[in-house]
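There are structures below to look over.
Heads up, the next two complexes both have chain A, just with different partners, chain B and then chain C.
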Partner chain A sequence: MISLIRSEIYKISKQSKTLYALAAILIIEGFVIMSAYYQGAGIIDLLLDNLKDSFEFRGNLLNGNLIIYLILNSLWFHVPLILMIIISGFLTSEYKDKTIETVMLQPVNKLDFILSKYIVSIVFTLLIVLILAVSTFFISYWIFGYGDLVVYLDGLNFFKSDDAFYRLINAFLSGSITMIFFSVVSLTLAVILKDATKTWIVAAIFLICSNLLLKMDFNNDIVNELFFSKLTDSWQYFFYYEIPYSTIYFKNLLLLGYSIVVMIIGILIFKRRDIQ
Partner chain B sequence: MKRFYFLLVLLASLNSINSQEIDSDLIIIKQRMDSIKSYEAQIKLDVDISFINMPSKYGKVKYRQGESTKVTSQDFIMLPKRGLDLTLNELFQHPFITVDRGEDTHKGVNCKVINLIPTSSKSDFSIATIFMDTKAKRIVKSEISTKMEGVFTTSLDYNNIVDVLPTAIEVEFAVNSIKIPLRFLGKETEVDRKAIKEEGSKSGKIFLTLSEVQIAR
Partner chain C sequence: MILEARNINKSYGSLEVLKNVTIECHKGKIYGLIGANGAGKTTLFRILLGLIKQDTGTIEIDSEGIKPIGGIVEKPALYGYLSAYGNLKVFAQIQRLKLTKELFYQSMNQVGLSPERSDAVKNYSLGMKQRLGLAIALLNNPDCIVLDEPFSGLDPMGISALHELIKKLSRENQITIIISSHIVHELADLCDNLYVLNDGEIIKSGSANSLLKENVTTYKIVGKNLEISEVLKSTEVVYLKNAVFVSLKNSNISEVLQKMIEEGVEVTSCIPQTDFKALFGRERV
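Showing the complex of A and B:
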């Protein structure tokens, strides 16, 4: 099993698509920072426009914490989309190149093989989120400095710089669980569909639907609380003025449960299906 | 002869209107405030607006005679446009007349109430109502209707009967709700325009607490 995991890591490190994923993440980061640099002051002005009649403002809200928050919001769509495309490719490329047949001719257990794929996918996801977080914090604080964070969530919430840092770090940690879920789903889709293009399309549709369903009210408390799409926003809860920790823990644990179920489905399908 | 007396009375009354004096108690209070050459104090700011969540902010307030009051802080702070003019310089910047409105009580203190009506178009307020504690020679409440920024009601609390500067200031004002939440500034991005329209403006309050006040006369 460990040798399979090592082999998977070696394959990923040698594949150009890994570099593409990293490049895509950094490009998104660059775009957000550039737009914030040129338009940030206008955005803040627009947000505080209604308060200008009554208040004078002292201090700078266009700071590193706001930039990190803006980049963090790429966890809604951009980052999971990139992850789903890359991770599904871990398996679809094996089908396409027929390397999976070569592997299966070796004394390799199918369960160990697919399980190692899932484990490496999760590690890869965590690594990408870690690189995104570290580079975001470093670049944002370096260029824009420290300061209070303002977020519009149930009103205007202002957080002191050290509090904002704590919330942003935890949001990245919580967001990584959401990213793991999408990664596991994409690998399971790859198991089911085998073909790269079909998997990308279905994965993108899944992500779009998941985002749409998140905002949909099902008029049923149980569905609204337990349905998978309602669990993918736990990282945003760190920006409510009072952090609802129990809700965050509940959502993350349930989403991990969903991830395990999806993984088991993928493993069962892979085990039962002939490679040919 | 009757016509002459009538003319005399008319001229006398017109003269009294033209030379309407500023309330003597207000002048006494202003002179007392003018005796302050400068002051410094630590300031704590708390905001009470329904759609704003903000922790207490801390800063330093500095005033030097002839200059406007300055507040500095390491944090982002929101200061009310009115309420920090403790020396009444902003009110006295342009000429005005005062009208005695009798007496009223504010927080158990018997106050003399006057209206300030500016006589210059340059003034940025249209009318101000001032509650004066004439015994302690200080202002305890003011309602200033500005031309551009709405009405600001300021309530001032003092530590004791002799203090010239307040230790707690409460500023109340009308404020509009946020209208344009931005797509990337949060997950709840729907704009309920109807609700916002119905809500109109709300009253907001800001509480300023002064401590370690150092006055130079």
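Showing the complex of A and C:
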């Protein structure tokens, strides 16, 4: 198993699409920073216009913490979409180039092979989120400096700079579990569909539907609490004044459970199917 | 016996691809599997290699090695973005084999590839990819190698080089080799035994020489003054420029050639032409 994981890491490190994934993440980050740099002050003024009549604002609200929060919001769609495309490609490219046949012609266990793909996909996801977080914190604080964070979440919420830093770090950690779920789903879709284009389309539809269903009220408390799409926003809960830790833990654990179930489905399908 | 596949059946829906196929292979021998396109050769090979499961039947490989059987199905599938070293490293690593510099050089030299080349495999010719695919198949010293259409797409030099390599592997390493092709003459001088697959059934088997000899009724004779030969006129003959196709039913080719030489015909070559209809047992071939 270790040797399979090492060979997967070696292959990923040599593939140009890995660099494309990193470049895509950094480009998104760059766009957010650039637009904030040129238009951020105007937007903040517009947002706080009414409040300025009643309250006195001190310091610069367009600061590093706000930029990090804006980039954090790419966890809704941009980052999972890129991850799903890249990670499904780890398997679909093996089907397209038929290298999966050459692998299976060696004394390799099918279970070990697909499990190593899942493990490496999870590690890759965590690495991408880590790179996004580290680069975001570094660049945002460097260009925009420190300051209090203002967030609109069921109303405007204000957090002190130190508190904002703590919340942002935890949001990235919690968001990485959501990213793992989408990555595992994309690899399972690749197992089922084998074809890259079909997998990308279905993965994108899955992501869009998941985001739409998140906002939908099912008129059923159990479904509203346990359905997978209702679990993908736990990282946003760090921006309520009172952080609902028990809800966040529950959501993340259940989403990890969903990830394991999806992974087991993918493994069973892969094991049962012929390689062709 | 190193490999025995007995009563193999495989269907896709209502389509029966393999019907009670049985083959037996001995150590160090080269076996050919011939048949028209769609006869079931690749399916049988995929089953032998464990890529797909047979519906019924058994496969036994008498080997105690880590890798009892290796092979290439259709075209060699390699990681195009990796070098030859990268490919060998990946495929060695997944079978817990450490690719030392010595092993890399040995693997490359064994298949006649330069170990010095460091560019991506996507730049390689098909013949070079076949050789690298073979080097990968030979990692961990399998007792049996299965090669599906290995000559497909190769130029004459590539075919000749691969012939020599396969013979060398069989002779020097005592590896059992099973090769498929729909081009019979490629296998004729390479294989010890042949199996003929038609519509998913083994319809003939035996030594390559005898099986091909049984199915040769026409010869291409090349030479000068062919038109003066009276013995040719007494046979079923088609004249070409400096060549004839002679179909013999009751006569012996050596007798015909002897008489032609006595008549003053200068014969430069005589090439047996396999009757594919007879060999494959179907007229569509």
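The working rule: the second predicted complex is superposed on the first by the 275 of 276 C-alpha atoms of A that agree within 3 Å, B and C clash if a C-alpha of one lies under 4 Å from a C-alpha of the other, contacts with A are read in each partner's own complex, and residues count from 1 in each chain.
Keep in mind that, in the parts below, contacts are C-beta pairs under 8 Å (C-beta built on N, C-alpha and C of every residue); 3 or more make two chains touch, one makes a residue touch a chain.
What you see is a predicted model; the values in this text were computed from it and never measured.
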Considering only the touch criterion stated at the top, classify A:A21 as touching first (chain B), second (chain C), both, or neither.
-> neither
Please work out whether A:K98 is in contact with chain B alone, chain C alone, both, or neither, and reply first, second, both or neither.
-> second
Report for A:D233: first if it touches chain B alone, second if chain C alone, otherwise both or neither.
-> first
For A:I267, decide between first (touching chain B), second (touching chain C), both and neither.
-> neither
With the two complexes superposed on chain A, say which partner A:L193 touches: chain B (first), chain C (second), both, or neither.
-> neither
Between chain B (first) and chain C (second), which, if any, makes contact with A:Y241: first, second, both or neither?
-> first
Examine A:S7 and indicate which partner it touches, taking first as chain B and second as chain C; both and neither are also allowed.
-> second
Chain A residues in contact: does chain B have more, or chain C?
-> B
Which superposed partner A:D148 touches (first chain B, second chain C, both, neither) | first
Which part of chain C faces chain A closely enough to touch in the complex?
-> 46, 49-53, 66-67, 70-82, 86, 89-91, 93-96, 133, 136-137, 139-140
Chain C-touching residues of chain A, taken from the complex the two chains share | 3-4, 6-7, 10-11, 14-16, 97-108, 113, 274-276
Note which residues of chain A are touching chain B in the complex, please.
-> 43, 46-47, 49-51, 53-61, 70, 73, 147-148, 150-161, 163, 233, 236, 239, 241
Chain A contact footprint on chain B (complex, rising order) = 50-55, 59, 71-73, 75-81, 148-150, 152, 173-182, 184-188, 204
